[in-house]
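Each in structure tokens, the structures are laid out below.
You will see chain A twice below: alongside chain B first, and alongside chain C after that.
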Partner chain A sequence: MNDAERGHRLAVLLPYRLAPPRMTVRISPPSAAILCFCAIMAASTAWAQSGPAMLSPLQVILKWSPLLLWGFGFNILISLLSMVLGTIAGVGLGLALLSEFRPLAAASWLITQFFRNAPWLVLLFFVMFLVPFQVTLFKTTIPLPDWIKATVGFALPVMANVAEVVRGAVRSIPSTQWEAAESLSFTPRQTMWLIMLPQCIKRMLPPWMNVYALVTMSTVLASIVGVSEMLTLTAQVHAAEGGRPELFAPLYGFALLCFFLYCYPINLWTARLERRYRVR
Partner chain B sequence: MATSWTPDQPIVQCVDVRKSFGALEVLKGISLSVRKGEVICIIGPSGSGKSTLIRCINALQPISSGSIQIEGIEVTDPRLDKLALRRKVGMVFQQYNLFPHKTALQNVMMAPIHVLRQNRAEVEARARALLAKVRLAGKEDSYPGELSGGQQQRVAIARSLAMRPDIMLFDEVTAALDPETVKEVLVTIRELAEDGMTCILVTHEMNFAREVADHVYFTDRGVIVEHGPPDTLFTAAKDQRTQRFLSQVL
Partner chain C sequence: MQAIADWFQRLYETTGLNFSVFYDAYDWDRYFSGLKMTLLLSVTTILLSLIIGAVGALLQGSPSILLRLPVNAFVVVFRNTPPLVQLFFFYFGLGTMLPAVETAGMRVPLLNNVQWAIISLSLFAAAFNVEIFRSGIEAVPRTTLEAAEALGYTRLKAYIHIVLPLAIRVCLPALNNNLVNLLKTTTLAYAIAVPETLYAVKQIWSESQNVFEMMVLLLATYGILVGILVWLMHRWEQAMRIPGYAR
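Let's look at the complex of A and B:
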């Protein structure tokens, strides 16, 4: 009698485990890729009726993919830079929101609310048209290309959202931690940097990553103000291929696919972190 | 004024301390004095202002009127250096309030290093000795979440002691503990008292108060109803309210 048989005959009740609630609809990246691929292929049927001299949509995408992916890299660059800028400014603004000095807290509250509630595109237009295309510092002229200005434009709403994340996280720490620090003679600044913020990082990570995914998806707005990112390039490729209507879906489908493959894992990871940190 | 204090004068002196939260007067003229090395217990029903009183002693809350002096330093002085005052006064809370992102050893070391700016190696040696003293040798690298309530509370005591305070305040430190871990915390406090530390305890542990205190104050509704040596207070209370309270809890 082998082990498997014995195990079968003397069936034991396995320990009861609560399955974690599955609230998210799970589409694995491979199946999403297949979905997008199908969409592209479906559009190819339209091409089948046209003349053989033209390239198939798939060939068009392959032909232009280095350029399109270069554009996508630009989107990622803009998103990363605006996240870095916005996070640095946002942590400062968030700390100012928590300041005991009333006028400072009030002013930063106003700034936060203003930039959180303004449409991103409007902010982008403001930065694009209000910031000069070059600045002269100590007789050196530094050019400010469009994409730098766009980065600043995205950093503004990021700053306001990060400020709110910081404020919420610090407020969520029980006030007894402040009292304990106070009774040990820590100054308010030491309490903030040594005791509050380190405890907040875990709590801040999921909402912060959420902001990042939002910024990444919003970077295509930069195409409206003429930055050569992926969407701009997609439109140009479409025009270069003669604006054939059957290329529309495959080309933009490719852009969708790229963004999905980049943002979806971030969201999955965020959800996982959220679940892990909920249990304290 | 601070310089005029000598160790033979009361180390803590409260005179007619009043404290209101809005229209609610919580402390209605409390006067008490504690001598160096003395252990006093404040007992009384919930909501009688016991915790508020010791939080006022530590300047965690401002008082409405009256005077509190710690080693001759007036706590109500608007120019008071609160940080200097709190270096003399250690406080242990009901909910331990350890810093959850730091290990037991780091919890004990943080304040001496960052507040007193003492040498790290020396602080670490002292912190390890303190953890051994509260019987937590071997738990230095545990995080608060990995320790039992009683262990956490002993880390909290060690954390306060690391600042080398002159006075220790204990705010119902066993109230949140499981019965089986209460004893280990009380043993730690008793050893501290025997070493000559000035202690002010707010407690519901009547037997412990009787055993360890030099002087017991019974408070009810914001006033000190009666006070005296534990043997007198616990066996021959004069006031009816004290008698009723003791008959309920003993």
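Let's look at the complex of A and C:
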């Protein structure tokens, strides 16, 4: 910004380079956790006018926390698997986007736009309802449980987002590098794999982690289509405790807290990497 | 209209592709009301989230920590938790705590599911908008603000008349992204039985047994809606462009 300021001393509005929206560290993670915890405490105590036989909301959470945390672990598992699947497919799609062969680039552009612009929930429904519950390959029947299908459903938008990330990162490398590689008689494929991608990994890491945080937060959608992950279990726990309405806020608050404690550090770390790897 | 209905009827009879919404008036009504609900959700949440975002960004830049801290906490919490859990927290958690009101002899909740969906989704999108507006405000040079101060603008007036108009122009691309995201997120209202497009379409396919065709229609619907929003935002971007400035 300083260089720009010196160059445009009289500009009314300086030429801008909008930094990608980033988290600003204004609340330290511990104090944020305390804040959340206090909020839940307040919610639990304010509505704990129950008789001696009934457990207070906090006790309910403590009692069921192993089950709920197991469900949360399942969420993490789904997010990790779909991230792996989506990244592999997305790198392929991203490279296809950059292909010199026009029809391939156009087709992959279409696929990317389609999966980026469709709502996640709709894609999830798409996979859940249109993929059979088992497939027969070479006379062996492979069952496809719901959560596998959900993983695939999340992998599709991840694929499209990662493809965009790959494309953006490769495009952000100065074109002179391509020329230099060409003059050193690298083939296009070698240029891509030996020169471009190694440099891109650094630039791709922060947006890739952003996508990961997005997937993690989306895994709860699987509860809508009947995968028994944290949110489903939360509803079941609520029913098991007699369906008292005052339990809703603490239980869902607990789910919020779990996701917050998982996603916030990832976001902070992403912001830090972004600052470190800032491209110019 | 009749020609379209006949064509889809014939398509069903010849190929088995059952786009029932286009020839069955009952299905069409459900689909159309779902579409209207999606539009209502999108428009209200977009407007509300823009307002909350702008106010939040103003508060975030204030000198008092008492104003800054709640906004920062709000942004941090809403950005890092799943929107669906937020929606459930609001609708089930807070919704059951609010007193019910008596209307026409029936006890109904103070806020119904549509209103909770609007509140929850707006807050979710607003958390992102605050950050986006902030990055736009940071791009407005200090000198401009100083000039406004020298001309006797108060902080609020300078924000409304000088900083915000410039900031909006700067952050339109990012805002565009977020609003498209918000439009896609309105499908979450399905989870609390708000009869929006996804909900209506699901009802149709469970009765007419045409999951595949309805899926295609659903994806096409959202594709078109996103397309319209992107087109409008581009138009707006063009209209707001400062002549001789920006790339």
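Quick notes
In this text, the second predicted complex is superposed on the first by the 250 of 280 C-alpha atoms of A that agree within 3 Å, B and C clash if a C-alpha of one lies under 4 Å from a C-alpha of the other, contacts with A are read in each partner's own complex, and residues count from 1 in each chain.
We adopt the following convention: contacts are C-beta pairs under 8 Å (C-beta built on N, C-alpha and C of every residue); 3 or more make two chains touch, one makes a residue touch a chain.
The structure presented is a predicted model; accordingly, all values stated were derived computationally and were not measured.
In the overlay built on the shared chain, the residue A:F125 is in contact with chain C alone; chain B does not reach it.
Applying the stated contact rule after C-alpha superposition, one finds that A:A239 touches neither chain B nor chain C.
Residue contacts after overlaying the shared chain place A:Y264 against chain C, while chain B stays out of touching range. Residue contacts after overlaying the shared chain place A:L221 against chain C, while chain B stays out of touching range. Of the two partner chains placed around the shared chain by superposition, neither chain B nor chain C is touched by A:L137. Of the two partner chains placed around the shared chain by superposition, chain C is the only one that A:G253 touches, whereas chain B remains out of contact.
Once the two structures are overlaid, the count of chain A residues touched is higher for C than for its counterpart among chain B and chain C. Residue overlap on chain A between the chain B contacts of one complex and the chain C contacts of the other is empty. Interface of chain A with chain C (complex): residues 5, 11-16, 18-24, 26-27, 32, 35-36, 43, 47, 114, 117-122, 125-126, 129-130, 213, 216-221, 223-224, 231, 245-246, 248-253, 255-256, 259-260, 263-264, 267.
Across the complex, chain B is touched by residues 176-177, 179-187, 190, 194-195, 198-199 of chain A. Residues 58, 60, 83-84, 86-87, 89-91, 93, 95, 97-101, 110-111, 114-115, 159-160, 163 of chain B touch chain A in their complex. Those residues of chain C lying in contact with chain A across their complex are 68-69, 72-73, 76-77, 79-86, 88-89, 92-94, 96-97, 128, 131-132, 134-136, 139-141, 144, 166, 170-171, 173-174, 180, 184-188, 190-191, 198, 202, 211-212, 215, 218-219, 222-223, 226-227, 242, 245-247.
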